[in-house]
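These are the structures, in structure tokens.
Same chain, two partners: chain A is paired with chain B first, then with chain C.
Take a look at the complex of A and B:
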């Protein structure tokens, strides 16, 4: 990981317990690779939780967004515990409520409906990145 | 979704092995770790393997620490940082076996494509690793 200005760190739970964890993971990759590749970096949650000092230092200095699959909010809680509270938390289970026609079933491989939901979550993350960077630029 | 009661009921059952994949975000091998863990717990050894998700283990959102103290644990690490192993040990796990995927990449000469899409070679690598883990589970359980 390289420290840089004008970046937002995305920390997703990527939880294996639920399909929503897979959605959080895929949505985060979409933001990093397609929607906001120059404005975002990902912080690897397992590395962060295992004591990765670079990841923790980044989250202390730069704004972060936690992307959690469920209301347990493990990514948010872990970030808060070891660095600082994320500027925003995107909850996949909340985004799902806006799109009741999109069902999630598999935690292993996303079907077209699930990919559509992951794209919706990614768009919410990208929008939040823009808001954070806009506020930062005004300061 | 597994709730606490379900997780506790798993504790009551005998003969389990806990699988902890790193699922690292920034490397393709983290995605392979995740994929092979799913193959083990959903297809190869659904009655013998318990999947442990790292974030709730560390933040204490689920009683996973009880499971990893009771049953042998196989961490699946995607890189030399060995986060899954470190987290398991820190939380009192009894390590029963270990998988370091970079070693398996060399062993099988299969290279996953990317973190978003591990591709056919990544899928094949995940299958091979899952078979190794299933055999290790059988060994640990004396089957």
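Take a look at the complex of A and C:
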């Protein structure tokens, strides 16, 4: 199987029990809907287990970025286990360290501060998408 | 007898608003309607076979809240040999409430929120039933 050109896959942990999981999901959607809509695709992480071979081929078809809420890194580990090794991992808890004034509490609806953090994470994802596409274009 | 909580497990649906409806319904239950009787767990942790997550779903009754017929939450609980006590799918509620059109993944629209409220009430009733049955056993 060969890598698809021009698209980068993004798999987020979605961690439903943690506010950081919500940040990972919203940041991913911001990239898909607003920042890089034509260059990115996604898949629900649990579909690796619940779905079929098409879903499990995801990271072999697309160079993939894992977006994880916490240090357990479920998106990175799950993608590697079921599909293929992600090209890069972005950890929400690491991005948060750069912006200590942005506090995260809500799992349901993001407050302005939390949305600002999600936007920062989305910008990091978009930057990584550009780097991956630049490298694959050079090959 | 040990006091169990019902573990409400929404799917991680990210492609459509259906997953968001399921998650919002779950937060309504665990944070507002039944905070003392319920909790949740990250579905990705179950998918990865995390020891604490496995222990939680094997010890406590679980309700899967899935967005679409792929039913990732239900299938992951079953694959984890968890105690699946009940499951709901957002699309089933959508069929019974055709006037409601959920939209938005980043932020759910008002109609989606209303649908989430309907699902949350139905699941909350089921939580009471499940815990009552456990007490009687």
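Just so it is clear, the second predicted complex is superposed on the first by the 133 of 139 C-alpha atoms of A that agree within 3 Å, B and C clash if a C-alpha of one lies under 4 Å from a C-alpha of the other, contacts with A are read in each partner's own complex, and residues count from 1 in each chain.
Simple rule for what comes next: contacts are C-beta pairs under 8 Å (C-beta built on N, C-alpha and C of every residue); 3 or more make two chains touch, one makes a residue touch a chain.
These figures come from a predicted structure and were not determined experimentally.
Chemist: Clash or fit: how do chain B and chain C relate after the overlay on chain A?
Modeler: Clash.
Chemist: Using the superposition on chain A described above, determine whether A:12 touches chain B (first), chain C (second), both, or neither.
Modeler: Both partners.
Chemist: For A:77, using the defined touch cut-off, is the partner it touches chain B, chain C, both, or neither? Pick first, second, both or neither.
Modeler: A:77 sits against chain B and chain C alike.
Chemist: So, does A:44 touch the first partner chain B, the second partner chain C, both, or neither?
Modeler: both
Chemist: Touching A:116, do we find chain B (first), chain C (second), both, or neither?
Modeler: neither
Chemist: Considering only touches as defined above, state whether A:131 meets chain B (first), chain C (second), both or neither.
Modeler: After superposition on chain A, A:131 lies in contact with neither partner.
Chemist: Applying the document's definition of touch, where does A:52 land relative to chain B and chain C: first, second, both, or neither?
Modeler: first
Chemist: Residue overlap on chain A between the chain B contact set and the chain C contact set?
Modeler: Dual-contact residues (chain A): 12-18, 21, 25-26, 28-30, 33, 42-47, 49-51, 72, 74-75, 77-78, 81, 107-108.
Chemist: Tell me, which parts of chain C touch chain A in their complex?
Modeler: It is residues 9-15, 19, 23-24, 26-27, 31, 40-48, 50, 70-73, 75-76, 79, 105-107 of chain C that touch chain A.
Chemist: Could you pull out which chain B residues touch chain A in their complex?
Modeler: Interface residues on chain B, with respect to chain A: 1-2, 21-26, 30, 34-35, 37-38, 42, 51, 53-56, 58-59, 61-62, 81, 83-84, 86-87, 90, 115-116.
Chemist: So in the complex, the part of chain A that touches chain C is made up of which residues?
Modeler: Its residues touching chain C are 12-18, 21, 25-26, 28-30, 33, 42-51, 72, 74-75, 77-78, 81, 107-109.
Chemist: Residues of chain A touching chain B in their complex?
Modeler: It comes out as residues 1, 12-18, 21, 25-26, 28-30, 33, 42-47, 49-52, 70, 72, 74-75, 77-78, 81, 107-108.
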